[in-house]
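First, the structure itself, so that you have it in front of you.
So that you can tell them apart, the chains are marked A, B, C, D and E in the order they are listed, and the count of residues begins at 1 in each.
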Amino acid sequence: MYFTVSLAILVTMVLAVIRALKGPSVYDRVLAVNMFGTKTALLLSVVAFLYGRPDFLDLALIYALINFVGVLAVLEFFQKRSAAQGHTTKD
Amino acid sequence: MLEILGYYNYWVFALVLMIGFYAVVARGNLIKKLLGLSMLQSAVFLMYITLSKVEGATAPILQKGVEDQIYSNPLPQVLILTAIVVGVSTTALGLAIVVRIKEAYGTIEEQDILKASGP
Amino acid sequence: MIIVFAVFLLTLLVLTAVAVVRTENLFVAVMLMAIFSLLMATNFFILDAADVALTEAAVGAGVTTVIFLGALALTAEQEKPIVSGRWLPLAVVSVTVLVIIYASFDQPRLGDPGAPAHQHVAPWYLEKTAEFIDIPNIVTAVLASYRGYDTLGEVFVVFAACIGVLFLLSVPPVKPQKSKSSDNSSGLRHHLIPQVVGRLLVPFIFLFGLYVQFHGEYGPGGGFQAGAIIATGIILYALLEGEAAALNAIPKSVLMAMVCGGAMLYGMVGVAGMILGGNFLDYSVLHSDPVIGQQMGIILIEAGVGITVCGALLSIFHAFAERD
Amino acid sequence: MLLDILSWILLCLGGGFVLVGGIGALRMPNFYTRMHAASLTDSTGSILIVVGVMCQAGLSLATIKLLTILIFLLLTGPTATYALANAALLSGMKPQADTDEGRSSS
Amino acid sequence: MNITPHLPALQVVVPILSAPIVLLLRPKGMAWAMTTVTSLMAFCIAIAIVSGVQQGQVFNYLMGSWSAPYGIELSIDSFSAIILLVVTGASALVLIGARRSIDAQIESHRQPFFYAAWLLVLSGLAGIVVTGDAFNIFVFMEISSLASYVLIAGGPDRRALPAVFKYLIMGTIGATFYLIGIGLIYIMTGTLNLADMEVRIHEVADQSPVLLAAGFITIGLALKAAVFPLHLWLPNAYTYAPHVVTAFLAACATKVALYVLIRFDFFVFQQNLSGHDLQFSYFMIPLALLAALVASSMALFERNLKCLLAYSSVAQIGYIVLGASLVTVAGLTASIVHIFNHALAKGALFLAVACLAIRLSSTQLTDIAGVARRMPWTMAAFVLAGLSLIGVPGTAGFISKWYLITAVLAKGAWGIALVFIIVISSLLAVVYIWKVIEQAYFREPQQANGAVREAPLELLAVTWVAVLANIYFGFYPAIPVSLSSAAAELLLGQMPQ
């Protein structure tokens, strides 16, 4: 049962990687990375039970955290870049 | 079939190692070189972790009340913990150098830097 | 079962690696590298290396990506296409791959319990740790006590990288500083929703970091991971509120003191062992009961490691982020 | 027993949602539709899978951790999606109906 | 407490724990003073260790009191002792004279970082030498490498940056290859302790992973040691580094990598891998000869004094490798003596260059024209050190060349061909040193150099200490030779001759 779910998540991870490779825009890639990160967190929480070691759930939490901070860092990067190129961002 | 797949990790190690190596050697962009370098290091991590795995074992964190559980080999994992931090340190230092190169030369392409440096 | 996972993830890993090398957009390459790191970490987890997976995720996928983005913002985003010299490296690389693959057939295959590596030193750790140190996480025991000297070295590697980055980036930028008005846009201040959510999360991240720090003897975790997580929390704060606010909360001098203090704490625990009649890094002499002494020593040096790693990663982050 | 069946159903549903989201992210014609597909199924899939696993775990420390993970995912996922869509919109990428090229030059 | 048994640990711990303190010392000059004092302490510890080793004492130290294959063991034999002497001596000597040169090249607010990095290089190199654990070598190698990237990047010329980047890339690849080699050996033997490895590798010696490991380790360390075709990072890194850093690193950084290379190939592999001696010779001898010839010729055409000396270093590394690749006690003795003597000669030369550079703006050959009239003492030191580099009798360089030639001749007929090549390479050395001397003594001084004075006293003094050491060890070579031959016999201990 866990195995089936992990397989579904794994396939989704593959799809996310394909999206990241295809692009076309940078935002698509960021979206793919974000999706990939969430799927990794889910996969880990399932695999932790598959292995019978639920004490490893901490990892899933960290993955989710890293994922969030990563996306925000990318946005900050975009913002810096557009500021450097002289585009004024409106709110 | 499963016998062959038991070596699959080592092959991926070899492939990723050499993909990283190729990026370092053949690419002229300094940041690309650093990406290749961290890939090269990751490949080594994979090799160590692969060799720490024991069939039917679990992570080397002792479980209370569970008898005759076998555990994977903790030693390579410790080494790789160290090596990961070393890898990040190297990358950070390399990036600082790249930033300075960009400021000094206005480019981060190896060819252009060689041209700018002159003989 | 594990084979299926491994084949899946490893194949993806190779594909991602190829894509990182092939793409000419460096930003895309960094994004793919983040995926590469996450894949690597998942692999580690599946291969029973929980601590390593934690570190790779926190340090490899998290902090490294942030630092790479910081450097990209200061340099260029597009790579020039390579002009020549593609075939020789490719040939060398292919030959080496074949050699390694050939040699792999003499290697014990994945998971072979009869491999010499699992016969010699490792079983001793697994058997004796309960007697000598009495903590469940063997990885922490080996890291902090049996091979504590390596870890000391590693702390100083981080230390060296930190002073290196600060040394290199302490030269004022060559180009004139941009007008200060652009600094107002620093931080994601005008993105309301991320800011509210982020503010909510920051304290919990700290709490979680402390949990990872002090739970390291019992579960996956320890100084490196905790240091990286807390640093990530502060980086999140800096992203949301801007560099200046984060530097206000924790000034650079404090960061420097953390880097030095953590390293010194580690060293001093070692020296204390020496003074109390043991060898360097011998924690048994710290307390009349050697087992408690070991545990005390481990907690202290893990704290040192966490403080140094956190301070160093933040110093590096700020050094890059400040520069534009 | 009942709990087992329940968790089985939840997990399968979750897996299905996740998979559909992945296919959507791959097959949809432009960025905003892809994002839509990915983010909604992400949240639903997370809820279903984590709750499914929670049913298996019973009342233990693991359940609390799972709950934390769930809350965390539910907070960060939509936030990240919002921020990303916002950034894309600000960069000049306009939502369009049926093109594959709805993107800016960046 | 009795301090003697703790000496191996203190050798590393004293400098490494001073680094964070130095970083916090803000007042001008304090960082330098603390670094120098620490470095002198390290030197004293090294002397104590050497005298202990010469009395037959064996230093084995269990880190954390964990017994050997389980914990990390430090072990010092005569080979480690002589390298320790070189590393700590070079650091202490250069630091004493370095202050003004560093002040001139590095802004004062960056100096604490610089000195902390210096101490890390010192402790990293010392750590590599004292340890008896394969992975521990990697960790300390990375400390010393990262810190030496920092030191080199301190060079004021912008070309220092690409040079140090190249060094970083090649150095990291080298360290990673070494790590792969360790991993492969660990798979086959299950241990990381060098002594234990030596015993256990015997059973699996003929399996391909071990051979692959030997290859990876040799190539990785050769990269670090700048053995000939892998030396590409060295010339620029040495040329654009701050002058005193060049003097320090040229004297010991590559030597320590060579130390690890020799230790691995002889101590771990040699006695166990069948045919390893032949493979090692066939692989290394051509490279060593090419290094001696090609690098010496490159030095002939260099226009920059530091770059010239850097190429000469590559050639000298060739001699060291040549001696080792003969796989005889005599050859290995020659090789180890040459590590010591070359460190003396190159250290003295680069210190003399630092003296020149502090008064002249550049190290281009054309800019030192006629400088001998203005800086007679400096140039005299340069000439004497140059003679030692060439191997003129009465200098330290002669001793090692003599041992090398004797060892090569013992190899029989084709040894004579090797001697021929050594002599040619030495002649090339005469030519490139002469090129410098001609510029300095027999050219008209440039207008711009009119106000040039003799170098600052302390820098000149340490230069002369190094030069006098060259001469002293040329007449009384007992210490390095006895240590080296003891080391060689130890390394080749159970080898059938």
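Basically, a residue touches a chain if its C-beta (ideal position, glycine included) is under 8 Å from a C-beta of that chain, and two chains touch if they have at least 3 such contacts.
Computed from a predicted model, the values in this text were never measured in an experiment.
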Graph separation of chain B and chain C (steps between touching chains): 1
Set of chains adjacent to chain B and to chain E: C
Identity of the chain that, by mean CA position, is farthest from chain E: D
Pair joined by the larger number of C-beta contacts - C-D, A-C: A-C
Mean-CA-position distance for chain E and chain C (Å): 31
Whole-Å gap between the CA centroids of chain A and chain D: 10
Rounded Å distance between chain A and chain E, as computed from the means of their C-alpha atoms: 47
Chain E, residues touching no fewer than two other chains: 135, 139, 142, 146, 149-150, 153, 186-187, 192
Per-residue multi-chain contacts in chain B, two or more chains: 17, 21, 51, 58-59, 61, 63, 75-76, 79, 82, 86, 89-90, 93, 97-98, 100, 104
Touching two or more other chains - residues of chain C: 50, 72, 100, 104-105, 107-108, 115, 117-118, 121-122, 125, 147, 150, 153-154, 157, 160-161, 164, 168, 171, 188, 191, 194, 198, 201, 219-220
Pairwise chain contacts under the document criterion: A-B, A-C, A-D, B-C, B-E, C-D, C-E
Residues of chain A defined as touching chain D within the complex: 1-2, 4-5, 7-9, 11-16, 18-19, 24-28, 30-32, 34-35, 38-39, 41-42, 45-46, 49, 54-55, 57-58, 60-61, 64-65, 67-68, 71-72, 75, 78-79, 82, 89-90
Chain B-facing residues of chain A, complex: 51-53, 55-56
For the chain C and chain E complex, residues of the former touching the latter: 99-100, 102-108, 115-122, 124-125, 145-150, 152-154, 156-157, 159-161, 163-164, 166-168, 170-171, 256-257, 259-261, 263-264, 267-268, 270-271, 273-275, 277-284
Residues of chain A defined as touching chain C within the complex: 3, 6-7, 10, 13-14, 17, 20-21, 23, 26, 29-30, 32-33, 36-37, 40, 43-44, 47, 50, 53, 55-56, 58-59, 61-63, 65-66, 68-70, 72-77, 79-81, 83-84, 89, 91
Residues on chain C engaged by chain B in the complex (per definition of touch): 3, 6-7, 10-11, 13-14, 17-18, 20-21, 26, 29-30, 33, 36-37, 40, 43-44, 47-52, 55-56, 59-60, 63-64, 67-68, 70-72, 74-76, 79-80, 82-83, 85-86, 89-90, 92-94, 96-97, 100-101, 104-105, 107-113, 115, 117-118, 121-122, 125-126, 129-130, 136-139, 141-143, 147, 150-151, 153-154, 157-158, 160-161, 164-165, 168-169, 171, 173-175, 218-220, 224, 309, 316, 319-320, 323
